[in-house]
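Shared between the two complexes below is chain A, which pairs with chain B and chain C, respectively.
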Partner chain A sequence: MNTKKKSTKWIVPWILILPVVLIRGFTTLYPIIATLKNSLFDIKVLSGVKKFVGFSNYVNVFKDPKIITSISFTVMFVVISMIFHVVLGVGLALILNMKFKGQRFLRTIVLIPWAMPAVVVGMAAKWGFNNDYGLVNDFIRRFVPAFQYNWLINTGSARAAVIIMDLWKDLPFFAILVLSGLQFISGDIYEAAKVDGANGVQSFFRITLPLITKNVMTLCIPFTLWRLTTFDLVYSMTSGGPGEDTSLIAYRITTEAFTNLNVGYASTLAVLLFIVMAVFSFINMRVMNKMDN
Partner chain B sequence: MKKKIVSVLLSVFMATGLLAGCGGSSKNSGSSSASGEKSKKGNYDMTLYSINTTDPDFDDWLKNVEDATGLKINVIAAPTDSDTRQQKITTVLSTGDSSVDVIEINDEMSASFKDSGWLEGLNDSVMTDDIRGQFPQGYLKDMITDKSGNIIGVPGYIGYLAFWVNQQIMDEVGITSIDTKEDFMEYMKAPSGNGRYGYGGSWEKTYSHNEIAQFVNMFGGDYLDWTNPKNKEAVQFLHDMVADKETPIDQIADKYEQMNPKANDGKYGSWFMWGLGTDYEKADMLGADKIHMAMIPDFSGEGKRSIFTDSWSYVLNKASKNKDASLKFLKYMTEEGGMEASYKAFDRYPARADVAEKVVPDSDPAKEIYSRYASECDVKGRPMLPQTMEFITDTGTIFQSCMKDEITVDEFCSKAGEMVDKYSK
Partner chain C sequence: MNDSKKYKIYRGLAAVGRWVLFAFVAFLILFPVYWIFISSITPPGELFKMPIDYLPDYPTLDSYKFLVENVGLVSKIGNTVLIIGVTLLIGTVICVMAAYAFSRFHSKAINLMFGFILATMLIPEVVTARPLYEFMQKVGLYDTYPGLIILYISAVIPFTVLILRNFVGEIPISLEEAAAIDGATFSQRLFRIVLPLMKSAIATVCIINFITCLNNFFTPLYYSNGIQVLSVSIVQLPLRDNMYGVPWDLVSAMGWIILLPIILFVAIFEKQIMDGIMAGGVKA
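And now, the complex of A and B:
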């Protein structure tokens, strides 16, 4: 009797979660499997082509100069943006953690850029960096009246502008999340360190940093993944230009899928991005496990 | 025991909820879909996928069309974002979806769809011999005729990539007309300097296609044949204008929304632009003594002037189940009444020359120059290939590189030729 009960005990939980499993399967698993399948086909909606090409799309990706440019800028974008997220984010969090008048107000307004849709930010930035009408050059001209420069027409400055806008938008959110970690550090520890003769810098490197490292590492996973999948900022700000110089890989996937309607090729790129993201998450988790041990 | 009772109760509640939810929803959806079906079949004769629904005069236009045709038209608003719109329309047509009968498509979509077999040919029903002759022949041939010779659309209006000049700048530098290549070059030099340029454009990679093709045409080249030396001459001309600071390199980041304010602010002496100058009118800069359209310069020296025309065309979905009603609608769009309604509601210049003559008042500043464009210029549709957007973007990308001296003009021509081959397939 007892054994029978045990053998059927698993049914109830499965029945309870079945609706969620079905919804998940339909909305997540099915698209993933369909994307994997499509990545092995040459599908061009406009010309009505759909033929099995095996791994040709995967080989072509690494021969396509547009993709090479996209990959190199994506790597640059993610690495630079994340370094600044960590450095400036921790710095901003430390400032927000200080006790001063207007601290609450500052904590609130600092989140405004994060609350703005990326497309709106991108459209505003397109004008903001314009040589004739932009506020960036208008500000610089107050100090250097003859200053003339169009940020969005040169590779380096256009890429820098995209990274700056990404930081402007998402850095405050990163900082607020780091701040929540800082607030868990007991004041007693700093008191004890002070009694032992530690100065501010020593307290930061010996107490604060070690205690928030895991928090920051954890935050780095989603923030890096979000950087890898960023497309809306570039879509509205530079359209990937000048040329293809600011085409992030996610933007390239969107363009191939929805503008050029090359569904097979876009699926291949999506699968490769998926693999990169999975590998990154795996490595990050291993590093964190090592730190725990 | 208590736990078991609670879990059983919760399970029962959930199951009941699910069933009730499903039951309720199916009942509701059943009735709504039934009524929807009824309303669609009972009240509407056809469905139009339109880009004009945000126009304040759209309802007046719809009423006019419904009154004139006796049709009840169900309207679906097309997305305003061009990529989303193209994607949705492609999905509707490629899947044989019959929920939409008539769709408005632009030249880019027309180039992609016309040979796909998704659109109904209109030669025998709407664009008959007697009517066809009144439309711009170059446009019909280049843009909306499929490989079998069938016309697949009705142009909703006629628009030109017109040559615009700033009369105040012309007066200032003492130039009275820009009729030849020499006049044009002189006008490039005269006003340029101190942040002002003889020529301005929008050379963002998806926009530059229009101007490259326009200059290639003016030089007598062929945009789809990059072995033609005239093509190289045209691109070299544009390159030299940048090098001589007669046109700004900054414009490679500009779309029309950035170019037009610069034109209004007097930064440009001349430029090419679609439409009737709404942006200039809003800035109180439209007029014979301010910003106005001018005749295309003759670069050939033989009186040959080339101009591009564009339109949004009404096309009939081959999968449509309301073809009779749709053809009635399309026929009205080719007639004087339909064109007049579009002109009055949306400022769309009638595509038929004879209708434009009757419907457009002489007080409309576009009338004189548009009729001159039609009669004095070689009117063409823009050169497009089946993989339109990729072709336009890739050509724009290498054009930007060429203007920035990252590649030479020869390299540009060679790569452009490769792209024509690649995207023609």
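And now, the complex of A and C:
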């Protein structure tokens, strides 16, 4: 009896993990293989075309001015947003770590932007940046009465507005995660530094910063990946406009796949995005491992 | 004497600085939220008045009434609650099962499966969208409740399994061994011993997954058409007498309907949410 029990025991964990593995497999593994395959075909749903074209989609991507615009804005968006995430995020984390009466309240309200759907943020921003009736210009006009500016119609300001809203929504989240690292630093170290005559600025650069650097760098990996796949915000806020100037690559891919019904081409872009994300993650993990050694 | 006076001034300045920073951050976060709220109770015509009246003279629920009568707000809330409710129920059960297995059984293949679940976090939904859309249509799950629920569950699996697995790992295995000696069966050990100890972790995960599901926009946008949820509705509101392309009266009201449960959740469950975020770094 005992041997029989032993021979079937291996099946228990498999039964337990089966639903989870099946669902994730069907919703991620299967589609990504299909995307890989589709990227080698010219598929136009409307005209019913489906023919094998090898790697020509991949070649065409880099000749398409729309894609070049998308890629360049995506890079700009990721880099600028991440720089502000790190600088302002650490700043906000320090504010959240201050001991005073409002601390609990502040820690609660910074969760609101994180918990809000990006589409609500995007729709509000679309109206908020409106020239005539928006919140932003209303605020500016209280100081500069005749101020007129249509933020979302000009390329530079539309791009800036998208980045600002991205920061508004996600910076508090970044700060909370930095804060979790800050809380591990014992107060004794600062006391000791104070005794040795260090001022606040010195103890920030000599103690706090070195201790949280690795934590912050680790955080930058998922935050960069999330920026690379940002979709909801531009979908609701600018629809990629003016022109194609704010169409982040994730938005471009879904437009090609679901609006232009250019499925092969969309798959190619998706594969390229996935490769970039995978390479980025791999390099970062290697760097992190090196830092540990 | 002079030194302590200086110290007092320094302390005073630091306190003022703290409150200035506090007020600045609180204003940046709360004011836009407040603006959405007052816009939703301002009579639609007055939204085209400048400067903005931040304390509307004649507050009205007209925009909400319009949403209920003409946009089907009640059925959208019903859809959202139903999908999220079933997702949390089934999702939690299967994730608890998996988390237990991943934490207690360590064969090579099981570990590999855990790695697979984590690795799929890296696959963005835009990459899988088109084939998944075609697959869902082929098997008749497109625009159905089961189809949407499966996709909602899929979205919360990696985070939930990760958090719960780490939690099970902290429950001493000796508790179960002791119960086994007393003759408890496997399912008794799982349901009578492990599960009660996981209550707080499960609560945390459910609170965060509720927010994640409410935020889910991509799934209902591309995998359903007739079944509408709140997050998608806000981008599909009809224009009333508005030449600006944004029906701000209705958008602000719909926005506030979504924001209200979120603000309540955040206010009530601040601690659990903080713990959950710090443990798993989940993105809503």
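Note that in this section the second predicted complex is superposed on the first by the 269 of 293 C-alpha atoms of A that agree within 3 Å, B and C clash if a C-alpha of one lies under 4 Å from a C-alpha of the other, contacts with A are read in each partner's own complex, and residues count from 1 in each chain.
The rule we apply is simple: contacts are C-beta pairs under 8 Å (C-beta built on N, C-alpha and C of every residue); 3 or more make two chains touch, one makes a residue touch a chain.
These numbers were taken from a predicted model, which means no experiment stands behind them.
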Which superposed partner A:Ile275 touches (first chain B, second chain C, both, neither): neither
Chain B versus chain C as contact partner of A:Ile153, first or second or both or neither: first
Partner chain in contact with A:Ile83 - chain B first, chain C second, else both or neither: neither
Touched partner set for A:Asn38, first chain B, second chain C, both or neither: second
Chain B versus chain C as contact partner of A:Pro222, first or second or both or neither: second
Between chain B and chain C, more extensive residue contact with chain A: C
First, second, both or neither for A:Phe258, with chain B first and chain C second: both
Which of chain B and chain C A:Leu16 touches, first, second, both or neither: both
Touching partner for A:Asn130 - first (chain B), second (chain C), both, neither: both
Chain A positions touched by chain B in one structure and by chain C in the second: 12, 16, 19, 126, 130, 132-133, 258
Residue ranges of chain C in contact with chain A within the complex: 15, 18-19, 21-22, 25-26, 28-30, 32-33, 35-36, 47-48, 50-52, 94-95, 97-98, 100-102, 104-105, 107, 110, 113, 116-117, 120, 122-135, 150-151, 153-154, 157-158, 161, 186, 211, 214-215, 217-218, 222, 231-232, 234-235, 244, 246, 248, 251-252, 255, 258-259, 262-263, 265-267, 270, 273-274, 277-278, 281, 283-284
Of chain A, residues touching chain B in the complex: 12, 15-16, 19, 44-48, 126, 130-133, 148, 150, 152-154, 238-244, 255, 258-261
List of chain B residues in touch with chain A within their complex: 7, 11, 14, 18, 83-84, 86-87, 90, 94, 112-113, 116, 195, 204-206, 249-250, 252-253, 258, 261-262, 265, 267, 386-387, 389-390, 393, 397-398, 400-401, 404, 425
Residue ranges of chain A in contact with chain C within the complex: 10, 12-14, 16-17, 19-21, 23-24, 26-32, 34-35, 38, 92, 95, 98, 100, 102, 104-120, 123-124, 126-128, 130, 132-133, 135, 138, 141-142, 168, 172-173, 176-177, 180, 219, 222, 225-226, 228-229, 231-232, 235-236, 250, 253-254, 257-258, 263, 266-267, 270-271, 273-274, 277-278, 281
